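I have placed the structure first, in the form of structure tokens, so that the comments after it can refer back to it.
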Amino acid sequence: MIVVMKSTSSDTDIQHVITFLEKHGLSGHLSQGVERTIIGVLGAVGATGAPGSIGGINPAIGEALEGLPNVENVVRVSKPYKLASREFHPEDTVVEVPSACVEGGVVRIGGSDIVMMAGPCTVETEKQLMTTAAAVRKEGAVILRGGAFKPSTSPYGFRGLGEEGLKLLAKARDEFGMAIITEVMTPTDVAMVCEYADILQIGTRNMQNYMLLDEVGRTRKPVVLKRGMSSTFEEWLLAAEYVLSQGNRNVILCERGIRTFEKTTRNTMDISAIPLIKRLSHLPIISDPSQGTGRRDLVGPMSLASIAAGTDGLLIEVHPNPDEALKDGAQSVTIEQFHDLMPQVHAVAAAIGRKLVTR
Amino acid sequence: MIVVMKSTSSDTDIQHVITFLEKHGLSGHLSQGVERTIIGVLGAVGATGAPGSIGGINPAIGEALEGLPNVENVVRVSKPYKLASREFHPEDTVVEVPSACVEGGVVRIGGSDIVMMAGPCTVETEKQLMTTAAAVRKEGAVILRGGAFKPSTSPYGFRGLGEEGLKLLAKARDEFGMAIITEVMTPTDVAMVCEYADILQIGTRNMQNYMLLDEVGRTRKPVVLKRGMSSTFEEWLLAAEYVLSQGNRNVILCERGIRTFEKTTRNTMDISAIPLIKRLSHLPIISDPSQGTGRRDLVGPMSLASIAAGTDGLLIEVHPNPDEALKDGAQSVTIEQFHDLMPQVHAVAAAIGRKLVTR
Amino acid sequence: MIVVMKSTSSDTDIQHVITFLEKHGLSGHLSQGVERTIIGVLGAVGATGAPGSIGGINPAIGEALEGLPNVENVVRVSKPYKLASREFHPEDTVVEVPSACVEGGVVRIGGSDIVMMAGPCTVETEKQLMTTAAAVRKEGAVILRGGAFKPSTSPYGFRGLGEEGLKLLAKARDEFGMAIITEVMTPTDVAMVCEYADILQIGTRNMQNYMLLDEVGRTRKPVVLKRGMSSTFEEWLLAAEYVLSQGNRNVILCERGIRTFEKTTRNTMDISAIPLIKRLSHLPIISDPSQGTGRRDLVGPMSLASIAAGTDGLLIEVHPNPDEALKDGAQSVTIEQFHDLMPQVHAVAAAIGRKLVTR
Amino acid sequence: MIVVMKSTSSDTDIQHVITFLEKHGLSGHLSQGVERTIIGVLGAVGATGAPGSIGGINPAIGEALEGLPNVENVVRVSKPYKLASREFHPEDTVVEVPSACVEGGVVRIGGSDIVMMAGPCTVETEKQLMTTAAAVRKEGAVILRGGAFKPSTSPYGFRGLGEEGLKLLAKARDEFGMAIITEVMTPTDVAMVCEYADILQIGTRNMQNYMLLDEVGRTRKPVVLKRGMSSTFEEWLLAAEYVLSQGNRNVILCERGIRTFEKTTRNTMDISAIPLIKRLSHLPIISDPSQGTGRRDLVGPMSLASIAAGTDGLLIEVHPNPDEALKDGAQSVTIEQFHDLMPQVHAVAAAIGRKLVTR
């Protein structure tokens, strides 16, 4: 941490900072520049004694420093996340998911192969789910997505079938051998969802629902953590750190678009998140072009762009009859569109030296 | 709802829309313009039969319509919230909070008077809380704020004293007669927090934590609902609608700053939210200039601006020694600053014909 | 245009709108819904008599309507741009640029082939320019980029060599046969820049510099119009409409990243702009991954993602020794990196059935 | 400037930075922390020899440093603006504008008094202008606003009366003794606009039109510099620095709202800009609640909020018949509304110990 003093700061102001640091078990290293003084903050990791002081200097120290007289600003030089950081864990994390439909019975996310996850936005009926599952499995998807608990902006919107939806998903797994990914929205549902799901999904609105992150962190299930719709990379990786710090190392990040001024699309997909997260973190990252754009006609191009940029997987909404979908109809592709997209996905993957795992 | 067709749409496309509407119990009213056709969607409220169809046409219908061939876009003409809407409830809602320190024992939020809520960001120690409570009560605050459960961006940050903090708050209430406002972060804590608190606070990160909204909606405690840091007014009012639709009509909105490109302040306080929410909704709205700016030196001017713009209350972080605050030190004002601010607050309130309730 | 009345509007309010429309040569078509009335605005194109009334109903009419009593909002159903719109011009526009290094002497932008434009951010010295030009031509670039007039956020930053830089660019064209693209910043420079350049570039800060748009619109030079850093697609296409409406149909759009909350990258590249602009407009669109990310290490992945998403060209900053670049060093790739990237670019282009024009 | 190295950086990487700094006439001061090394950059102001090196270390140096191997990031510790900075110019700047209607013939902006500027958005007809000018002067406005050159998002919108409009403004000045503020959009118009106007206005879209800033900087006319609609405070003050560095010290900043996700208002007015700019800079700051909200019904509350927060002036759009305004009708208040607002403006000003200069 570096404390930058105002050019008008006095010796008393500087001493104030030094004293503050010492009170918290840290020390200050002065650098006098032409215009101003900067103070490097030194201290053994965890020296502060404050709650949660592992992971570098307590962030609360920085906030308090900002409030001291004639402090211009405080610059952190260490990243606030450790377990999620590539610096402290240089090798790629590969998350293993049991999936009967592939050789060896395990899908690996974050390795050399790309994984296709597809299925309806929301589980509506057995017929809808089974039809979609059969179709996407046939095309090469190895993980089935489907929402049983749905966040709805309006209290009057459809909120999912709940456990009944989970049971249908389990039935589809039995029939098609695909692993199941589904969303969990609140801590008390985690145990139940774990009974049915192979991957827990944390939605964009819950990226900073810390008690939910703690709870999924206490399981050992793979967790897909979607990016908050206006979050920075640092906040996203700190959310991952919540899960990791509880002992669950099976975290997969998912770029699903951010909110921007543009209203032609529901969200603006940040494809640069894919290569950048790969540099900042060792965790796998997948892409959700359905939520990421909110438009069926953009799912194809954004799937291909994601693969070209290095994504480890795609999460695509497919519906047998999107016109009748109860939720997110506009962003689900048809089975036919999905069928047409797959050869292009294979071709772009091959162009960058990767392949899709399909069996 | 209005469906705008592309200028290249055919009769078949238009018929497709009409058929879709009829399948969902609605009907379409065609208007042929020079360049394009628009279709007004008509139907009895709740006609769709879909889950959650009260509150106008099911929003899922609109999303599905957007996906139909040669539909340019779909325009909603009704607001998706009803219970929160000024249109359907023209009179101001006044929320009553029991508070022993005022005449009659009840503070009214949303009426002609302005209410000052103040106290530490986080409850740290009994001494810190009691000192602050005594000081802010003396200056005229009638509600005491203090966090026992704290959302922290980092898993290594301080997360509050929990129930121990709630007990200290209750002790302060006994001593100073102020009502207590404190945050609740997860559904399973609601019952416990209700035992101690007079007002439940929902934080910015939980504005769309729907199960938490449901749960506080099932109580009858006043709820301060902070604006999500990137949310629109509509999303905010829909979050209020969650609480209202569960039967709890005691909802108070709180402007606490939104995320913008500016990094000199932690958030950008949207003062225009105050008069605008008053037009869109009948619910009271208060202002949090501490979170709203993240800077102690801006709390004063933004408090005054909030009052000039019509706020119903202020929520201000005060700390007896902000340099030593474990959390959010940079944005807490000192007791002395709070003391200096109060006469200005009274003066600006008087200038617009209102007054602070102080006893 | 559709006028949506408040549910509380009276017959007088509705009549007020009708009268207003008639005063402006338009008429209103009433639709009475359960909750509110909507008024469709009908009128011959150009009927208003107001300046600039071609292109549909004068936008000022809509703004004035919004201010009438008990008008809830005004919804435009026609796009405000016509010449730039795919609806009114379904065929792709192909912009031709004279370039001696390719067969036939003409590069086509917006057709089946993808075009590589590369070169230094800023022209610094003859040696730097010639070295870079030789290198990028050898790798297959057919258009040379290089800034002679540079927008600098600080008045103390380097603002380019001016006409001296243009002369160096012309010299490079003579030597390597590549067409030249360079920025023009103010109307009075347009004539001079036209003497040297084959393509005029309008930078992001000038996307709404209307007098500059008018001026380049009066030439017939191809114009690369960069997206404003916070502009919507509609504003961008309206800026293109300025150029087109002056008679210059040779407009090429360029996605160069938008401003978001993320500070790890200089900008967030909006790859979805590529397929979406293709749907909204017939104009070619190219990508600038150097400005779009501000990071050398992301130029490669974002180039490939752009191609996978359907871009018509890439605009890449290359510097023989980026450590010494006077401007934008952090985002320029080295000649070696550019060399390594090209085979991947060819491979991804082939995967989606396109190829780069290189000679 | 501080260079933060990655924790994985080697001695060679650090030496690379040191060598780079020395090549540019600077030196590096190493600080070895537990996890990483940071390098303080030292150097005489202007030591770099690069163009524009006054004003601290050339920003291009920082950009180039960011691109060196294993550099984590580069932190500036000096503000990039000097002439606009409060640190280097602690006393408030007061800009004087000749105005016959006040005692002494000069209005002072940035002193203890608050200044009201009002008038139509756009000059449309002599009658409209004279009626409005008479009305606002009667209410106490001392400066008349009115656009002769209007930026229009669409090429088909109304772009103003041009010099004819300027002549009408001059006529109004002769009649009512008010100073005139009007927008200038391009460098070649500056001389002509200076002939008529007392204050030049630079609009939001031109905040980074550097050649225009240079040109108004070469005059000595007061300049109102509106904030760019997505600009940071630093960018805004750097734009002011352009004008100041050409020798024109009469710069007045104007907060006019920023773009946010909210679409209910045209812009989101950032009231916190007022007290914050006062801390960062010595320049006066005024508020434009008309552009800042885009809604007539918010002009009143946001005017009062601006005053409570410390604004030096208000810029308000008034129209004798806003329903018929050719431009921005929805945001212009009526003469009657303006009349009703003034007593409140006086009251809030008095509450914070200031007053409006009205004669």
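So that you can tell them apart, the chains are marked A, B, C and D in the order they are listed, and the count of residues begins at 1 in each.
As a convention for this text, contacts are C-beta pairs under 8 Å (C-beta built on N, C-alpha and C of every residue); 3 or more make two chains touch, one makes a residue touch a chain.
These numbers were taken from a predicted model, which means no experiment stands behind them.
Participant: Weigh C-D against B-C on C-beta contact pairs and write down the one with more.
Facilitator: Of C-D and B-C, it is C-D that has more C-beta pairs in contact.
Participant: Let me spell it out: compute each chain's centre from its C-alpha atoms, then which one is farthest from chain D's centre?
Facilitator: A
Participant: Nearest whole angstrom, what separates the Cα centre of chain A from the Cα centre of chain C?
Facilitator: Chain A and chain C have C-alpha centres separated by 32 Å.
Participant: Chain B to chain C: how many Å between their CA centres?
Facilitator: 39
Participant: For chain C versus chain D, what separation do you get between their C-alpha means, in angstrom?
Facilitator: The answer is 27 Å.
Participant: Which parts of chain C, given as residue numbers and ranges, touch two or more other chains?
Facilitator: 56, 230, 259, 261, 263
Participant: Given the complex with chain B, which residues does chain A contribute to the contact?
Facilitator: Spelled out, the residues of chain A in touch with chain B are 20, 23, 50-56, 58-60, 63-64, 66-68, 80-81, 151-159, 185-188, 205-206, 208-213, 229-230, 235, 238, 241-242, 245, 259, 296, 322-332.
Participant: For a test of understanding, state which residues of chain C touch chain B in their complex under the given definition.
Facilitator: For this pair, the touching residues of chain C are 2, 4, 6-8, 29, 31, 33-36, 38, 40, 42-45, 56, 72, 75, 77-78, 87-88, 259, 261, 263.
Participant: Can you list the residues on chain B that touch chain D in the complex?
Facilitator: Result: residues 230-234, 258, 260-265, 268-272, 274-276, 279-280, 292-293, 295, 297-298, 301-302, 304-310, 344, 347-348, 350-352 of chain B touch chain D.
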